[in-house]
Amino acid sequence: MKRIIATLVVALFAVAMAQGVTIGVLSPLTGGAAGTGQAQKAGFELALAEINAAGGVLGQPLEIVIEDTKADAATGVAAFEKLMTEDGVEFIAGGYSSGVTLALVESFRTFQPVVSWIGGAVSGVGIDGFDGIEELLGAEPWFFHVHPWDYQNTEASTAFMASTGVKSVALLHEDSAFGGPGAIAAAGLLQDAGMSVPLVEAFKSTLTGGTGDFRATIAKAAASGADALFWIGYDSDVVPLTSQIRELKYDPQYIFGAPPGWPSEFDAAPEAQCVTGLIGYLPNLPNAEAKTFLDAYVAMHGKAPDNYMAALAYAQLWSYADAINAAGTTDQDAVIAALQNGTFRSPMGEWSFKPSVIALHQGFGSEMWNVFQFQDGVREIVWPLARATAPLASCR
Amino acid sequence: MRGLTRDLVVTAALAVLLVFLPAVLREVFGRASVSYLSLATNALVLAVLALSWDMLARTGQLSLAHAAFTGAGAYTVAVLFKLTGAPLWLGIPLGGLAAAVLALGLGSVTLRLFGIYFAIATLAFTEVLKAAVQRLPTAVAGGAAGINVPALFRPTFVAGSMERWEVAFLRNQGYFWVYAGLLVVAVVISVVIQRSRLRAAFTAVRTNEQVAGVMGVNPARMKLLAFVLSSFVAGLLGAVEAHRLGSVSPDGAFSVHTTVLALVTPIFGGLYTTLGPILGATVLAGIEETLKRTFSEGYLIGYGIVLVASILFMPRGLVGLGSKLFKRGGASASGTTGERA
Amino acid sequence: MDLSLLPQAIVSGVLASGLYALVSVGLALAIGVIGIVNFAHGEFFMVGAFLAYQLFVGFGFDPLLSLLFVAPALAVIGALIYLSSIRFVLRAPELNQMLLTFGIGIILQNLALLIWGGDPRTIANVPYRSLGFQVGGVSIGAVPLGSFVISLVLVAGLYWMLASTPLGRAMRAVAQNRIGAGLVGLEVDRVYLVAFALSALLAGLGGVMIGVIQSPTPTVGLGFTLKAFAIVVLAGLGNIRGILGAALTVALAESLVATLVPNGDALRNMVFFAIIFVVLVWRSRRVA
Amino acid sequence: MGRALEISGLRAGYGKITVLWDVDLHVDEGELVTIIGANGAGKTTLLRTISGLVQARAGSMSAFGATSLLGSSAARIVRSGIGHVPEGRQLFPLMTVRENLESGAEYLSRAKPNAARNRKLVFDLFPRLAERGAQLAGTLSGGERQMLAIGRALMSDPRLLLVDEPSLGLSPALSLTVFRALRQINADGVTVVLVEQNVQQSLSIADRAYVLENGEVVKEGSGRELLGDPGVRAAYLSL
């Protein structure tokens, strides 16, 4: 115990010297969710460099302190408390994992800093007997949620499915907290939109202990005779799923997936051809900043962002900088008002915080989502039509 | 029994120390004591987990089922509050009890498994239990999304008379005390084992079951006893964790990570002792946090190096190193001896 | 229940046993010969997968070609790890070995995170990854078939090596009686070194296959490691031939349940581990 | 005749326990030397230290003129011509009798060319082993295991053979067979050092003998002398 305390004292003095505005970031930098955390970190670093190059915040350089949550609840809480009590931050950014977010609810309520939170998409809306993040935190005036809620993801997915004109959809979903509730909501919405759902089938994701043999599930989807395949899973499921669909000669009209990210370099794989997916950011979005973000990102990190979380983190930090500058103070109520009323820049286009089903401040909604299709190695935007760069092609 | 009395006195002193530690931290560090208290609590959790695993290991049962018992404790609490309006503190003892009953069942069918066979069987049991819990009706066990669990402590903020961090301090102090209580319970159980005939019996079962039988020790009964005591503590721990972390889910509650930490920590600290797991938890938690605060990237590489180095340079753990340092020149045990598990 | 899918389920299950056997043989060798419970074995898969990825990105190597480089590379890595740490704990209690190899696993995993980042990667162009042949209404995948054949060859080769070569007999001798092995002139330490390097090499082969069918990530080895441990134990420690039967049993059961039961794929791990548990318990009671 | 083995000031033990205290002994080429002593006197440890299974703490050892053997691995010791039939036999239980025998010669370039000759020699000594060639060593009887252990050591073409308690657990008839075989081996030119509980039997075939007590050599003499020694008779022969 002494040892911990001694080292903590040293750390304490080091951070007590910080000047200007500091934003505390909670991100899973290691462990199974490290891909997401690292993407967020890269986005924050880019935004930070740009913000400070543009004069910083309130005339001082902006600073961020990034804490690794390991996507572990207990670690996340301790990291948050460190940011609040040792680093003395008043603004929190980052955020990922519903388990971590649920564990943070009590602490958030205690300290009530301004929390701008990317992850924790499990709203709880529509799930009986379970309180999700939106139900627990959405009504708090200091809570700002950046990433769309689960039902907004499903809304976008369903709207896209409906736009294709398919009559029936086979729904495959991973069986944990991400795909399970998502599939129930999606099946309902698809049916509401007039499509039939002959198959709703759970599978074991490679992220939660599966070994990536989806043949049995795919065979069932093929046997269901549905026009389109809609799957909800993780990025690491993409390669086995798409290759096994081809291997089993299953040829739905559309293969549509909604993983949190897509594996790097998958664009160049032949399996990618005609696969469609939901994504927040693509460099060929029809707004000026989409391309400049890509260029700046490549200049800083040497490669294109693998995960749209980078763009969300970038947008999140910029919104803080703009709001604090607009408020002209770090006073909490003023910054909340500025965040609430402001319109912010982002690689996804302009955005602002609006009320959602429960939440007072929901950043991106279903309108953020685009559906892209891999066409000859390029991610063409095929939906919504207003942003489309190419028409949707059938896989058959 | 003089040894037992002495150990109980030391335990009582530890308890007193733990009771006052939060106030001391607050006095010394002010608001920063909030996060130190959280880190200390995480170390306590690890200590209880490690000590409870070690109790079982003393009979030679190399369990990879510890997540099953913490998970059982957590789910007992969660389901209890989801289905009934039980009083707040009732779930914790029930969680320990549920884990103990589960252990009795698992223990009695795995009695004749040894070494790695036992380890894999218990790992398999955990995985089956996790999948089964996930597939229970959602109305009962919440399915994949899990279940919310009410907090044990919700200190109220009185504007004007206190600062916000003081509320967090009170909450963390509450949990710290509860875990300190768990640790004391675990230490008392452990010390009673170590200072009674159970110690010789457990050791005999671990080193040679046939010989144990000849000595008049009933190996099956000893193994089950260790299993039940160990998992009871683990179940209590899981139950409190459910309250502290606000929710349970199958992947979180039955994580292999818990199981691995439960075994890594006592090896690091020193196996088959009361002090070893506690020391191991404190030092490992301290090292990880220090590395995390020192290196922004790749701090876990350093953590891995510490583990590797610890085995190479102190094969009997921190406790073994300590006794070597203090008894230098005396009849200190060589580091390489020790029976195979 | 849709019985029309039954033939496909059986074929898929049989072929899937190949990958299971492939990821298990190296571990069987480490446990069987050296008696070391290597918690870092899954990280060897991961390193193998990433090396195949790196060779593809850097030189455009097909994974099959990469096998020729990755396998020896893993053998070297295994040998270095053995020389720098494992050999000091050979006589230590099993638990010490577990902590040591767990530490090595953490180091490898986080080194990979530093080098390749946390995002899933793709070996983008594997011409046979999506290849399947239709035979009488049943699809046979090129990759499962390939890994099935490779693992059959490997297991047979390993079995032959152990039975009929001086090196193999040396490994068996060391495994069966460390003291006796020294007395017949075997440098036990050197045999262990070779066995551990070979175990890592085999893990490298498995890792390349995993890199083909999945996305290399720092944690990609995990799902296979637990199952490989279970298969090795199901086969009986040191029983190389038994790997095939054990892998077939669990793979077939998984495939049948995944196909015939609604939401069966989500039950894969439950079925797998339930079989392991029941067999281990049943066997322990029968023996006694 | 040269010296087959020369040991001086040998000290060895396990962990914190020292078993051997400054042991001096020598064995001439062609001799059959017996070491007797009570349980725990250090006889087995002495053989294990000579053959490299136990690390010596101090002392020196030379065999057939080769010095600085102490501290070598067991594999190097056997290469230098010292075979060991250890306590507990230490066979490979899941290998056949044949494989066990062959393993004795397989890894020694010196012994490999003579494998056929030595195999014949072993089978002549123990015809039972030839019959059981394809059987797994783990399924053999105690006597057969002892024969196999001796046979395996002989396959390494030793010039000096260390034999630890060959009669342990054997019937009188079987142990007689084993002792006869040892005498035969010795007659064929192999130097033998024998540790044995059966003092009467071992002293009667020994050229010389040492008495070990609490890790120290307390007596030395010809087999006949020691058989007649009143102290030895009182302590080890219960006469």
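Per-chain residue numbering starts at 1, and chain names A, B, C and D are given in the order in which the chains are listed.
Here is the rule we use: a residue touches a chain if its C-beta (ideal position, glycine included) is under 8 Å from a C-beta of that chain, and two chains touch if they have at least 3 such contacts.
Keep in mind that what you see is a predicted model, and the values were worked out from it rather than measured.
Most remote chain with respect to chain C, judged by CA-atom centres, is D. Taking the mean of each chain's C-alpha atoms, the chain closest to the overall C-alpha centroid is C.
Each chain gets one centre point, the mean of its Cα atoms, and the points for chain A and chain D are 73 Å apart.
Averaged C-alpha coordinates give centres for chain A and chain C that are 34 Å from one another. Separation between the centroids of chain B and chain D, computed from CA atoms only, is 51 Å. The set of chain A residues that touch two or more partner chains comprises 30, 175, 209.
Looking at chain B, one finds that residues 127, 300 touch two or more other chains. Residue positions of chain C touching 2 or more other chains, listed in rising order: 110, 113, 226, 266, 269. Across the interface of their complex, chain C is touched by residues 51-53, 73-75, 78-79, 83-84, 86, 90-95, 99, 103-104, 106-108, 152-153, 156 of chain D. Of all residues in chain A, those touching chain B in their complex are 1, 3-5, 7-9, 11-12, 30, 66, 68, 72-75, 77-78, 81-82, 84-86, 99, 102-103, 105-107, 110-112, 122, 127-132, 175-177, 179-181, 208-209.
Of all residues in chain C, those touching chain D in their complex are 166, 169-170, 172-173, 176-177, 179-189. Those residues of chain B lying in contact with chain A across their complex are 21, 25, 28-29, 31-36, 38-40, 42-43, 45, 82, 127, 134, 138-139, 142-148, 151, 154, 157, 164-165, 167-168, 171-172, 241, 244-247, 249-252, 257, 282-283, 285-286, 289-290, 292-293, 296, 299-300. By the touch rule above, chain B contacts chain C in their complex via residues 57, 62, 109-113, 115-117, 119-121, 123-125, 127-128, 131-132, 135, 256, 260, 263-264, 267-268, 271, 297-298, 300-301, 303-308, 310-312, 315, 336, 338-341.
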